[in-house]
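Data first, discussion second: the structure below is written as structure tokens.
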Amino acid sequence: MRKLKLFTGSVNNELAEKISMRLGVPLSPLEIKRFKDTETYVKIKEKVRGEDVFIIQSTSPPVNENLMELLIILDAMKRSSAGRINVVIPYYGYGRQDRKATAREPITAKLVANLITAAGADRVVTVDLHTDQIQGFFDIPVDHFVAYPLFADYFKDKKIKNIVAVAPDTGFAKKTRRFAKLMEIPMAIIDKRRPAHNRAEVCFVIGDVKNKTAILIDDIIDTGGTISAAADALIQKGADKVYICATHAVLSGDAVKKLEVCKAKEIILTDTIPLASNKVLKKMKIISVASLMAQVIERIHSNESLGKLFYWEALV
Amino acid sequence: MRKLKLFTGSVNNELAEKISMRLGVPLSPLEIKRFKDTETYVKIKEKVRGEDVFIIQSTSPPVNENLMELLIILDAMKRSSAGRINVVIPYYGYGRQDRKATAREPITAKLVANLITAAGADRVVTVDLHTDQIQGFFDIPVDHFVAYPLFADYFKDKKIKNIVAVAPDTGFAKKTRRFAKLMEIPMAIIDKRRPAHNRAEVCFVIGDVKNKTAILIDDIIDTGGTISAAADALIQKGADKVYICATHAVLSGDAVKKLEVCKAKEIILTDTIPLASNKVLKKMKIISVASLMAQVIERIHSNESLGKLFYWEALV
Amino acid sequence: MRKLKLFTGSVNNELAEKISMRLGVPLSPLEIKRFKDTETYVKIKEKVRGEDVFIIQSTSPPVNENLMELLIILDAMKRSSAGRINVVIPYYGYGRQDRKATAREPITAKLVANLITAAGADRVVTVDLHTDQIQGFFDIPVDHFVAYPLFADYFKDKKIKNIVAVAPDTGFAKKTRRFAKLMEIPMAIIDKRRPAHNRAEVCFVIGDVKNKTAILIDDIIDTGGTISAAADALIQKGADKVYICATHAVLSGDAVKKLEVCKAKEIILTDTIPLASNKVLKKMKIISVASLMAQVIERIHSNESLGKLFYWEALV
Amino acid sequence: MRKLKLFTGSVNNELAEKISMRLGVPLSPLEIKRFKDTETYVKIKEKVRGEDVFIIQSTSPPVNENLMELLIILDAMKRSSAGRINVVIPYYGYGRQDRKATAREPITAKLVANLITAAGADRVVTVDLHTDQIQGFFDIPVDHFVAYPLFADYFKDKKIKNIVAVAPDTGFAKKTRRFAKLMEIPMAIIDKRRPAHNRAEVCFVIGDVKNKTAILIDDIIDTGGTISAAADALIQKGADKVYICATHAVLSGDAVKKLEVCKAKEIILTDTIPLASNKVLKKMKIISVASLMAQVIERIHSNESLGKLFYWEALV
Amino acid sequence: MRKLKLFTGSVNNELAEKISMRLGVPLSPLEIKRFKDTETYVKIKEKVRGEDVFIIQSTSPPVNENLMELLIILDAMKRSSAGRINVVIPYYGYGRQDRKATAREPITAKLVANLITAAGADRVVTVDLHTDQIQGFFDIPVDHFVAYPLFADYFKDKKIKNIVAVAPDTGFAKKTRRFAKLMEIPMAIIDKRRPAHNRAEVCFVIGDVKNKTAILIDDIIDTGGTISAAADALIQKGADKVYICATHAVLSGDAVKKLEVCKAKEIILTDTIPLASNKVLKKMKIISVASLMAQVIERIHSNESLGKLFYWEALV
Amino acid sequence: MRKLKLFTGSVNNELAEKISMRLGVPLSPLEIKRFKDTETYVKIKEKVRGEDVFIIQSTSPPVNENLMELLIILDAMKRSSAGRINVVIPYYGYGRQDRKATAREPITAKLVANLITAAGADRVVTVDLHTDQIQGFFDIPVDHFVAYPLFADYFKDKKIKNIVAVAPDTGFAKKTRRFAKLMEIPMAIIDKRRPAHNRAEVCFVIGDVKNKTAILIDDIIDTGGTISAAADALIQKGADKVYICATHAVLSGDAVKKLEVCKAKEIILTDTIPLASNKVLKKMKIISVASLMAQVIERIHSNESLGKLFYWEALV
């Protein structure tokens, strides 16, 4: 019978170690190097012929490097006769380029799906795609997990009263609603708009947040501008306290600085993207997806149902 | 040089006639019949060899019949050596099955995209996909148009004051915001939820609608339940008047009845789906997409840019 | 090891039950519904991850509904990581559209093969394709069975003497010959033609049928016109008695009525298409393919040879 | 605009010359050689970049050599950026292996279709496929012509009375009927069977041939056994005279000898396969398909309809 | 579990027998015949459903016959539901047509790779491809072995001193170097060139061969011209003795004669191509690849690493 | 008729400008930016619908960035309905990973070919692929040019006597020979090897270089180690002067330093990769490929033969 073999690209070493420990399956060795001319070289250092291979790699920044590394690993796996090639992508980069918003743009999230398939993947496991529809960019099976039930558990433990879930923009309204429903709390939405020509953008809060604890929820914190402005606007509109939850800690540019100065009391993130030590703030809290990923991998390997891991679905 | 040849499946005869007149290009004959055993038979009654063919067909109810008819037309076109096969799908059915919402579901909107491509389409033109991401379900070019600028023009002519755009649920919040921004009006959202176990669902209105004219906006009116409940809830929350805008008039079940009795003053629809005469209400207003589609077809045929037709994009 | 999981679409419930009983494998639950807007919704209600799945679905009338349902089930299976997806199509609809008979026609039987493959099938099992060549429309394995040995067994039990096999038209001459050879009886052919302009079509009988028991054999009875006229013509030409055998009981329009009044003594059909109760005639006899299908499924599942089930081949 | 460029592989030189003359388009030079190690080498000796290329090559014996030569020409054309690659295959070899007749056989006619497509063909033009369904083995357009109207013209000129069309076996009954209908004559069929165990096969004639002129019609004469036995059987059953018509003169083994000694008065063939001088008999008559092929090529090149060339279709 | 089933096409009977004996797995029966019209017919005479099939077939002369035979076997295997289809191609014909050397040529080695994949192969095992890059013409796994370590073992046993490895042309310089490195001996290269216009080509020897034992090494001996001229040139330049090593004994035209009269003392070949009895010279020595192939097949079947068989790689 | 539209990615701005000037076709605008999170964003700023698009982009360091940028441009072009998408890749990165040299490696040069094709390219134009066989990694047309005739012209103008062409290793022997033949000069080869265990590698010169002007020729100078050691070894073996020619100036690490201190008199490079100002040495000479590329683009656009640009082929 096929053995489970666990590999990690160069992005998620720490997460992969955790998953490996939970699974009781050691990480198999993979030689990855960048030649002086910047070309990526990969060599699989252990037999994969016929095995059930799982490769963990977020396509987080530097996204092009990390994506190409993943594609090259896939090519090596395919040509080495791996039995089944499963790709675990905790953070799926380019997810926001998922449609043509204006004329003559690419749909890079679809391009990436095509590249991953062309390179040889048999299945994708991922967390909090920017839009659910990206699942349909693939014709291979995609097992897609969301992190908000982990955030909900975290807040239930805190036993805070009088909470409101807040979407930082209309694009995240639907997912915020799912979180609100799971928590059985009301919701509000922020609409950032220019009140008139030649005026700066202002955060309008749609819905009631006064004297409440607001939980801002998003999939990605990138430059941190939107979410920190949202947090401050909520306090200004009378919210008592603001928490920020986000699955993917991209944190580019001076995001950390903005998060530090904003009025949010706590920022809850996951480890789909490893956090560089210089990006850690005291008010950050990291929830690991390792346990979830380990269960998923184990069940996929032994052909058990993943359905039970989707308990929040009844609420959708 | 390739000639433009215009065909219609059996769904959009009236719309196709309008497009044909605007283009000054007659509809080419297509024999379509259902045999007694329900099989669809298609025969192209005019030369298409080498021509630039446009086929107009909404995959509206009965969706499986209409979709299969389209696929069979495509197969006939491909085998008859049509030069380029463009499919104009004013209403793209199955658009709401665009992701796995729970375990072991299909993603039928992607399946349909694959079927259309496999049958031989070279390009798709469509209006108001249920989610923009469906563009990325295709690897052939998709020219995607939205109808809300047509609605905006309609309301600008009315010169109503003190308006608010309202999303009937969180899933349509983002598109409602685009409409609101184009109209330079505020927005609100309806969140239909069960206040407690064993209690009926209630429409919560997030945002301020009191003494305002509310414009509810959605892509599809299917059974009409959500939108008519939303209209009534807005009146109850103090809105002066309610208008309903929706691109695709699916109107299944007793939708027309619900729309009739609901408190909306006017219902603005388009002709992406033909409206049966027994479904017409006095308070309905139909805006035709014929002019837009005719321009699109003409520009595609003569390889001109479609960019100018996307004037609303700057606002996205 | 992979488990055998048996599913049925909404067409062949009774046949599927029989197969399930013979296999000792229960039918796995599949939620199939039509929404009010006519869209088909499918949800697999049991784990299929890694399993050896068999889906039973004839693409009988209403063919477009039943075919789309099958394609959607396939998409759901593929995205749910079924181990191997076997499709059992007792009656393959659109089989008669298997070539371009005139200019600018589709080859819908090939289109359907492409759609089934694109949707995710790994193998097809089917009975009495309209032409054997449809096997070659697929690049996945097709296990194709014929029903005439079942008919032959039936007639051997009757121990009738002086029989002739009759093809209702030249298109079925080759298959009739196989049946005749297996039965070791002579054959005749009917050639329906217009004797002169402005004259009605007449059935010419090529070959000797006088004072014989004629067995008319065909793959499909659709509107019943050809076969019932053939039966009457045989009696007129002096045949003693006429039996009609046909694998697929499409029976559209007033076929049942025609069969009732025609001079055939008995009509032998199979259950590849379920017979509505209002279509049952006293002179009909249904031979079930359940036992054959159960054996086929069992052997495919356990990777045994199907060769032994093809005993009639030596005669081809 | 694209130019028409005409090429021939090494099979149909004479036919290609005739087509070239009728078209007024010279044959473009193609270097084709077999190296000493039997490898085929091809070099296109004239620019094809962007041109509308037609390649004439029957896959007649030696079929593997001729097919591989065609595939290599196609690869060269594709890599040389030919604008559109049309393959004219007057005789499509392996056409009789068009289904699995017994277990564990290939469907070589489909394999060949896949190989031709994989090598780069954009379209296929062919004559009298062994079964019409082979059209559906392709997903590229196939323009398929039949030769029997040419035979019909030939016989109409002879003004013979009291004719019967005869199918040499049941497999050709359907096509014989088309010929019979076009000629407005009756038909008969030959059924070659073993009357009892340990007895030699005998040709049973189904239908009436006595005192008539019989026209045996088939697509291929291969070893000539079936058709010459059929001719003799017809004379024995009282036919006055026998003509043999067949499109493809494969004539393998001692076919010519059998044809010579058989009782057929005349044998009418076409030039889809060139006839070696040592295979010519006095009683053979060759009808050229050059004119038909030239018209087809011209119309395809100039994107005109081929429909008018299919005048016999109304009769099907 | 899948069983290993071993088949051979009609080329490598003797080698296949040896492999079969070493594996302790009998050759499974395969009916292969050429019909009189030169068409190849294949029938698999034993169950392959679900099995792990290995097919041994060099595409040696007559290359088109042997390649088509292989493709037809593959099609039969695929349609018979073989579990995994492994192709062992000891000699990969058309390997020298691996690039466009001049304008408007095919890349036949790539075409062949596409044909093998299209016909249904899941994996290729091969020996001494003309260029290593042909591996990359496939997207299925290729396990590629080289024969020069076998030659090195042979010469190590001979314990000859003062040896030099010689490439017969610059194209084989790189592989000669690998051999030289493995043997720890120096190397030289032959550059055949025309010293001036209107002068015959002359073999220039680059490097020092005087008073040495020269080992000429090449992948293929085809017409034998280059290698026998090279052997003679080496003697002329003062080499003591010359050995010729080549993996693939194509030996076309009068190659054997040239080899016989040339000054090489011994010619070492392998059995990737069977040597006809009339091609055997006394000074030929055949080293079998059977043992290597048997190990490879066994390890592939049981999903063991092939890495250990690549011991020479460290030297590359 | 299609217009020629010229675009450049962010690599070859200067070369693209030169090509644009020679063609008299302005560079069309392309917005390319890297977001803060490192994602690449592309927007085509000019209509491409139906046009004949040429995109110039070397996949030079940073190779992953530049390759992904190219793929994203291709996706945008495809979805914007460009008429034909031609990619001009003056330097094809990852070319050296063109085979599995040891077990469980990728063939990244093939992966890259697949990615470029999957992203939407219709044709590739490139210069001096690391191995010619990479042409066969594509199934779309590849127009491949070599730079050594440009080097030959350069040296012919210098009118140096007594020259020898030297391959820096055996892998480049074949291409060095072509250069030598074009120049009508002899050749030598360098074989870098370890004379004994624990000894440093030494450059052995195979062939005669004493008192000659040596021209070292290679496709790529990467870290510069091999070529500068080769230059010094040639001087040590008595060469008078050494020139270095190489097409692609990758120049990674301290390559420039090594080149500066080595004993080569002059280093001739091309502009397939732009040379950063801090990498320019006095003894470097840059020959532009702009004129060649401009001719190629013009001829491809107007469907003229490229054959005449391949004048050196006769020598191969």
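Labels A, B, C, D, E and F are assigned to the chains in the order they are written; within every chain, residues are numbered from 1.
Criterion: a residue touches a chain if its C-beta (ideal position, glycine included) is under 8 Å from a C-beta of that chain, and two chains touch if they have at least 3 such contacts.
Quick caveat: nothing in here was measured; it's all calculated off a predicted structure.
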| item | value |
| --- | --- |
| For subunit D and subunit E, chains touching each | C, F |
| Rounded Å distance, subunit B centre to subunit F centre (Cα mean) | 50 |
| Between subunit A and subunit F, centroid-to-centroid distance (C-alpha), Å | 39 |
| Centre distance in Å when subunit A and subunit D are each reduced to the mean of their C-alpha atoms | 62 |
| Separation of mean Cα positions, subunit B and subunit A [Å, integer] | 32 |
| Residues of subunit B touching at least two other chains | 79-80, 100, 102-104, 107, 110, 114, 139, 142, 305-307 |
| Contacting chain pairs - touch in the sense defined above | A-B, A-C, A-E, A-F, B-C, B-D, B-F, C-D, C-E, D-E, D-F, E-F |
| Residue numbers on subunit D that touch subunit F, as the complex places them | 47, 49-51, 78-81, 83 |
| Footprint of subunit D on subunit C - complex, ascending | 98-104, 107, 109-110, 114, 131-137, 139, 142, 144, 167, 169-171, 173-174, 176-177, 180-181, 186-189, 191, 193, 204, 206-207, 305-307, 310, 313, 316 |
| List of subunit E residues in touch with subunit A within their complex | 123, 139, 141-143, 299-300, 303-307 |
| Subunit D-facing residues of subunit E, complex | 35-45, 48, 61-65, 67-69, 71-73, 75-76, 79-80, 93-94, 96-97, 100, 102-108, 110-111, 114-115, 118-119, 222-223, 250, 252-253 |
